[in-house]
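Heads up, the next two complexes both have subunit A, just with different partners, subunit B and then subunit C.
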Partner chain A sequence: MNRRDFLKTFATFSTLGAVAHFAGRPLSAWAEKAAPPPRPRAKSVIEVWVWGGPSQLETFDPKPGAPRDYNGGFKAIPTNVPGIEISEFFPLLAQHADKYSLIRTMTHPHPGHETATYLMQTGRNPGGGRVFPAIGAVIAMFKAENYRGDIPPYVILTVPKGRFSEVGFLNERYSPLVTGGNPAAEKFIVDGIVPPGGLSREALQKRFGLLEQLDTFGRAAAGMEELKRFDEAGIGARRVVEGDAAKVFDLALEPKAMRERYGMTTLGQSFLTARRLVEAGVPYITINAQGWDTHKRHFETMKTKAAEMDKATSALISDLHERGLLDSTIIWWTGEFGRTPKVDWDAPWNGGRNHYPHCFSCLVAGGGFAGGKVVGESDEFAAKVVSRPVSPQDMLGSIYELCGIDPDGKLPNPIGLDVPVLPPESAAGRLRELYRS
Partner chain B sequence: MRSITVLLPLLLAALFLPVQAAEGKTERSLFEKETPVPLRTPLDQRFAESWHHASLAIPREASDAVQLRRVHLALAGRLPTPQEAEAYFRDTVPDKYEKMVDRLLNSPDFPAFWSMKWADVLRIKSEFPINLWPNAVYAYHRLLYHSLSRNEPMDRLFRHLLLATGSNFRDPEANFLRAAADRTPRGLSRNIALTLFGCRTEQWPEKDQQALEAFFSQIRYKKTWEWKEEIVFVQPETAPVSLTLPNGSAVTIQPGEDRRTALADYVFDPREQVFAAATVNRTWCWFFGHGLNGGSGDDLPRPGPDALPEPGKLLTQQFSEDGYDFRELCRRIVLSAPFRASALPRENLEPQHLEKAEHMFAQFPLRRLDAEVLDDMIGTLSGNPSSYSSVIPEPFSFIPKEERTVLLTDGSISSRFLGLFGRPSRDGGGLDERNNRISAEQRLYLFNSGELYRKMGRIPGVWKIRGRALPAQLDRVYLLFYSRYPSPEEKQLLRRAYPAEGKEKARFLQDLCWVLLNSKEFLYQH
Partner chain C sequence: MKFSLFLLSAGLCSAFSLTAAPDPYIGYLYPAGGRQGEKIRVLIGGQNLSVLTGGIVSGSGVTIEKLQVVKFFPAPAGNQRRYLVQRLIAVEDGKKPPAVPEDTDGWREHPWWDRIESLPQLERTLIARDLCVPKNALQASPSIRQMAIAEIAIAPDALPGRRELRLIRSGRGNQAVTLPLPFFVDTAPQVKEAPYTMPRRPLPPPNRLEQIPATFNGQIMPGETDTVEIPLRQNQDYTFILTGRALRPFLGDAVPGHFQPILRLLTPEGEEAAFADDYLVHPDPVMFFRAPADGLYRMEIRDNLYRGREDFVYRLQVLPGTVPPERGLPAQTLLPETEASSPAAAGLLPFPGMIRGVLTRPGETATFRFSGHKGEKVVLEVQARRFGSPLDSRLTLIAPDGRTVAENDDVQEPLLVDEYTQHLDSGITCELPQTGEYRILLTDTEGRGGKDYFYRLRIDRPRPDFQVYLVGSGLNLTRNTPRKVRFLIVRREGFSGPIRLIIPERFLKISGTPVIPADCKEWSAEILPGTAASNTPRAVELFAEGEIAGKTVRHSVIPADEFIQAFAHTHLLTAGNLFTAVRNSSKKKK
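The block that comes next holds the complex of A and B.
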């Protein structure tokens, strides 16, 4: 059986379960056909987590030819790449399709938020008593060696996903800094980094002076390893307080026109902050976009949500491109699943879409991902994968590879587990067709 | 600017150098007595023997102030109030420590704090990956809390948990077998072994794991018409079956019998002391940060006390003879020589000896305080306790502000603070899930967090005394944060640092509170 036959076989399956069924086979059957690892271009990753599950039909896999019960009467629009159409909800992104690619056949079997999020974030099925780290913590760990910034290597704007521990069993050092605050407010207060009001730098330094002098217990118990760790942790923390780390979050340093280009909303300004964090060298940034779990009144919600998202995402891609940073920055945009292709028009849903993991979309750009391409094909309702399924672990594995991390290598961890970074790649494979040469 | 920051402390240090050299002795005397810790009980004798064999000296006894603070944190998970501290220092009766211990053991803070520790082990958590669901969490937690409040014999509660069947809402003990990320017989057997044997069966030979797992092969779960209700039941045997206990002996289960009963008889058998050894080692770990065998407190190689050192064997024997009286176990521990020993390293000890002394409890091990305890301490001091809520659907939970954080029932209800300071996930129930390591992020939070600034803006206990003379103010602040009076040297230093006038003078006490909150003495159990 050659690779083409394999893919044909896969066309008939639409769930991860089916993909995973073959994943247990020895890799040697087709490993010799797999490409060598790509050149690691990506220095930073921006994850746009469209929390709740964005509809594939109203984003990147529109079905203008389907009945209204499926497309809600909404249309597709052309992009600047001939042959690629996206939903009319994203007119600004349509002008930049040459800079990103679309995956229309993301698929896994979990329709619940928690399990689906866990799988999409860790590449592993839940259970077994261990909580694996999310991709952000893994990349933060691998990239930490070459990262010298004062801001932690994994930053989340502005609220955590919650529900499971993103750092899993890795060292706490790689747990995300969750900014809190509101970047669209007068002052973006990142708790712990931006000093709270009323205390001058001099006053703070006086406090530090007194803290050192009064350290009675520390002197009496000098020599204890634990206290040395305490002092070392203090040095790192003081550098953040007294250094320039806070400037990254000072959006007043951006020209007004630039701020407006991203949109003067929490989401828009979070995207702008993400760009500033990339410039500061932070390896992994997550933007948690809320409000996409549109069980009820889906289309009304999409009108406001999509407009804001369209503006912010297109601004981020074009801005990074203009600054020459897109080639070293991966953007991946997706949620834990998509939404049911058939609209539920009845009360209480009034035109709603529910959870749907079997076929949904993902946008990738930069950092070694080619632009202007489409991966996979869905059926006429965006309900089933017709060709080229993409599993969560292959999605994550592709990002790892472009970051110079071997997904099949060992995942170093403090509890001594002998585990690879990811489970074996599925037979359909990582997104090699999107790797730039 | 930067060079001044670096130089300033050096300059100051140079100025104070003559004072400091003389200070060394007084500094130590704040934290330890000059006499060795008394050896009062057979347990103490066993420790003394083990120290002797390891060429370790009998440690000095911790100072009264340290013992007062340490035992409050260890038994009640809170600091003594300034009134409690002053009364204790004034008290001259010889058994004032024992009296304080009994008062704490019988206070409501005891079951509050210890239900938190046991809830970690019992994996009380409503969401992923345990998925007990809120109503079941409350039922389960209440069962535990009441058992600890009434000081029921511990074997009663745990036998109940091991043999439970029924509805997660109506029979709270049934949640013990539901609280598992992996509900296969293998997964259940791992949880049971961790909880009741204090063992990690992953490291056992495969055939021993299979033998244990067979005791759980008949456990089943079914849903009902009530939302999220789940029934735990046992599929009855149809023919006699022979099983092997972890000690190698065979048992035959007759039709109609529950396989778990044979296991329970073994676990709580006073000759085997399986549960007793596990509980003693785990509880010891809660007090000292590592188990009697030097490990994580739940990593005995085999069930029973064999792997424990002599003092552990004795304590296991005593716990079993005391009828699994948990309060009595805690009492024995806090009255023991290791618990009352100084936390300061002996002068001029080599680093490898330092490690050995901590390892063998000849020096009280330093540990950063638990997240929930710190949160409670900050809440009490500031008069602004944290409030918690959960929006996991049905029922929404809003926890009253007055309720202590240690009483949070649900591992899924959390906050940035609790996450940052290493509250355990309760995913697996191992003691190593709690993380008491210090990190730069934690120190950053304590230095500079707006949340903390808002909380600590006006500390009631300090605000009340703002009009008094400086020495009285210093006494008060030190009692609040450190449960001791400041030393003459500290007073002298602070008098010198006290600004003459203006805004800085007005802010001085706030500055001092910030300094004490960020210090090792406040953040550590010592």
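The block that comes next holds the complex of A and C.
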């Protein structure tokens, strides 16, 4: 380095230092946030939406040392990562802790389902006259350019959240395909894709043939530019129904042992379907797991709910890992909030937990998230964040970055809005400590 | 406050082990009141009622003479159900009961099913409802599913008004007392809603009040609209006061919220004559009506959203004349009080002092003046919404030089207590920046006003004070086993000192020093029964003392029960008494 270069470098760093000083932050932190985004690894995201808000104490932030009024008498169990314990309700997941990481200090101020769901899905508070799109629609939009599959880029298994319009102000083509149906049934009837009943492919083709014969308008208007999009949509829909794309929902093609590994329940088979959708290249899949709003008799409900969730989630993580797909698939397991740390034993709750957004847990795996780590520390009751709070926009921003989407960039939209993908990250920042190098 | 404690004989006690049973809980009383001089049968819904033995009613003159727990109805076999329904119909029609069919395989038993013909109406109604009403799982709440029937005697000279009723379990060392529910002693004749009618049966005559005043008692089940016919006379004024939400202000598990009763009055021709869904800021409706013509009018009562549950119980008082429910500012002797409408209010007000008035017109701003000195601390406090005024006040303090010193429209109360569910009374606490004449502007935040918009404005120096609440008005204790309790402390206007709890140690003991530390707003302690605490439930009074300006100030500790509403807000409902029940130490089953 010559003297001129040295002086140039010295001046640069001095300026940086001065800016950092007057901005009130140590240079290291400033440099950390100014670090380039991670290498985008994730091609797909599987969101496990634990509807109603799962208790942090009976999932990933157990407090075995707390009184029974807090932990209900339930314990923590070790995982295959020394030093990390999770609730005894998840013994199977405990065997795969090296593949996922836990965030124990998710926090926001909203205890209502609708507002909290909107915040967790969009990174924004409701109001202001706009309905922002949920993360699924955003990722579907950004990934659509490179996605050539016939299945829509955003799929929900099997019922919608119903709390708000998930596509928001984005184009309708990014709204989710909600499958309906029951993947654990003999035939998984997906709305608009898998014909109901025993309709064979031949019978279906005959029906399409009949439709063509009756479509005198279509024949008369053939080639009209105004109907080109309509025609393309029809051709695309028919390709999905008649072609091989719909086979992704045909779980009979899976070995019985594999199906049983996930659990022969609607939830378990939804997880298996999600894996197949990832294999088909679908960018965003949500599994809406209902029934976790355990205001009453929480522990009784947990005994059944947790067992099937444990089986399904551990099967998904391990299966994706074995197939070499975990590195390119983010799994994000969360609800809209957690549950009150102190159990309400009195009537009408009879051992229930109510809503609690101030400190709750979620799980991330794959897609560039490291495994075997814990982010954040809560107090002895899992009631307060002691260190490293994580806001919804930080969580969403981390997922976006690993998908190659700039959270601070513009959110393209068809109505000309000038909005960023997300609001600025919080002071605590995105989950950079979990990014794999 | 006095109370009538009634413990019943062993015939009504169920055999029960000495293991600690879960505490009983009561969710509703139906009807929720009765008339002086009458004996009534009250249906009680709750859980863990199996071993109730009696009850306590505050005040005197109201006694629970008999208490019977209703055994759960098993699901009958198909042909058994049909047979039971036919027996009920035979009783209604005064006919011979049907013969028992030959095939009774799988038939279940219930002590009432064997003697339907000899049962009172209430018991037959419960059987009929259980057999015929589809179980609507979405609205069923296990916490009120179990039932008991209480026979309550109201003395002719029992003072009318609101009482607190609790049920107790006693005997065999397993004492427990429930939370209180309101029970009203009335002077007017009582009419109860017609009992449930089984499908395809002739409908009973419409509910009707034969005279006014009268009180109609009802219960809104899912999707129901109750109706009652009321004879009204032309050009007469009437007042209809419904008490519904006030019976259970907070129902945390009634999604989307508590009972929201509405009243709809129809003319004899069926036209809507009047509608009410609240009264000022109170969710229970009050209707004032002048009848345009003689006739039999019909009043409809339902939930605003057509919901219903067993605990959607109501009382509808029908009164002659225009009789607004009692609301208003309680009397005070703390400070000299000036009427806002008086000539004195136009001049300089006493400081400290109170001013009492009404914002009679929409958009009105009341202006007051007082003289203050630079550096003086002043507290301006509006008392309006907390006493039921619809006024949502806004205060502005203006200095002698015309600058605004401070503005406020809501003071965040540390606790939500009783009916005060929103922080709508305004207040300003500040140091006066100048010496001279100050102006206070008082208005409604939304520019409303009217004859009901009463207020009291306190202009004062800070008066440090405190109030202590004990969470849980029914303490069920076990001998030699500490129980954790919470005290919530409201500290006002600079009071930060420690607070001594004065506890009758013969009946209650606190582990450790019974002193709430300075600045503490929530304090937990462990309590135990005292040496003289017997197994008989009793009322206990606690006091709290603090030092304020060199003097010892003593207040009663207020017992209150905590309720959740909308899963996000916690409210305290104060109770008239703190009751304790002491059970013996539990013994494990072998």
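Definition applied: the second predicted complex is superposed on the first by the 374 of 437 C-alpha atoms of A that agree within 3 Å, B and C clash if a C-alpha of one lies under 4 Å from a C-alpha of the other, contacts with A are read in each partner's own complex, and residues count from 1 in each chain.
In this section, a residue touches a chain if its C-beta (ideal position, glycine included) is under 8 Å from a C-beta of that chain, and two chains touch if they have at least 3 such contacts.
Remember, predicted model here, so these are calculated numbers, not experimental data.
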Touching partner for A:350 - first (subunit B), second (subunit C), both, neither: second
Which superposed partner A:296 touches (first subunit B, second subunit C, both, neither): second
Touching partner for A:63 - first (subunit B), second (subunit C), both, neither: neither
Subunit B versus subunit C as contact partner of A:180, first or second or both or neither: first
Partner chain in contact with A:111 - subunit B first, subunit C second, else both or neither: second
Which superposed partner A:219 touches (first subunit B, second subunit C, both, neither): first
Overlapping contact positions on subunit A, where the subunit C interface meets the subunit B interface: none
Touch list for subunit A against partner subunit B, complex: 114-115, 118, 126-131, 152, 160, 163-165, 172-173, 175, 177-178, 180, 189, 191-193, 195-196, 198-199, 203, 205-207, 209-227, 229-230, 232-234, 236-238, 240-242, 415
Residue ranges of subunit B touching subunit A (in the complex, touch as defined): 5, 8-9, 12, 16, 20, 24, 27-28, 30-31, 127-129, 180-182, 187, 190, 343-345, 349, 351, 354-355, 366-368, 416, 419, 422, 425, 427-428, 432, 435, 437-445, 447-451, 453-454, 487, 489-490, 493-494, 497, 504, 507, 511-512, 514-516, 518-521, 523-524, 526
Of subunit A, residues touching subunit C in the complex: 111-112, 295-296, 344, 346-350, 354-355
Complex contacts: residues of subunit C adjacent to subunit A: 23, 25, 27, 46-48, 141-144, 252-253, 564, 566-568
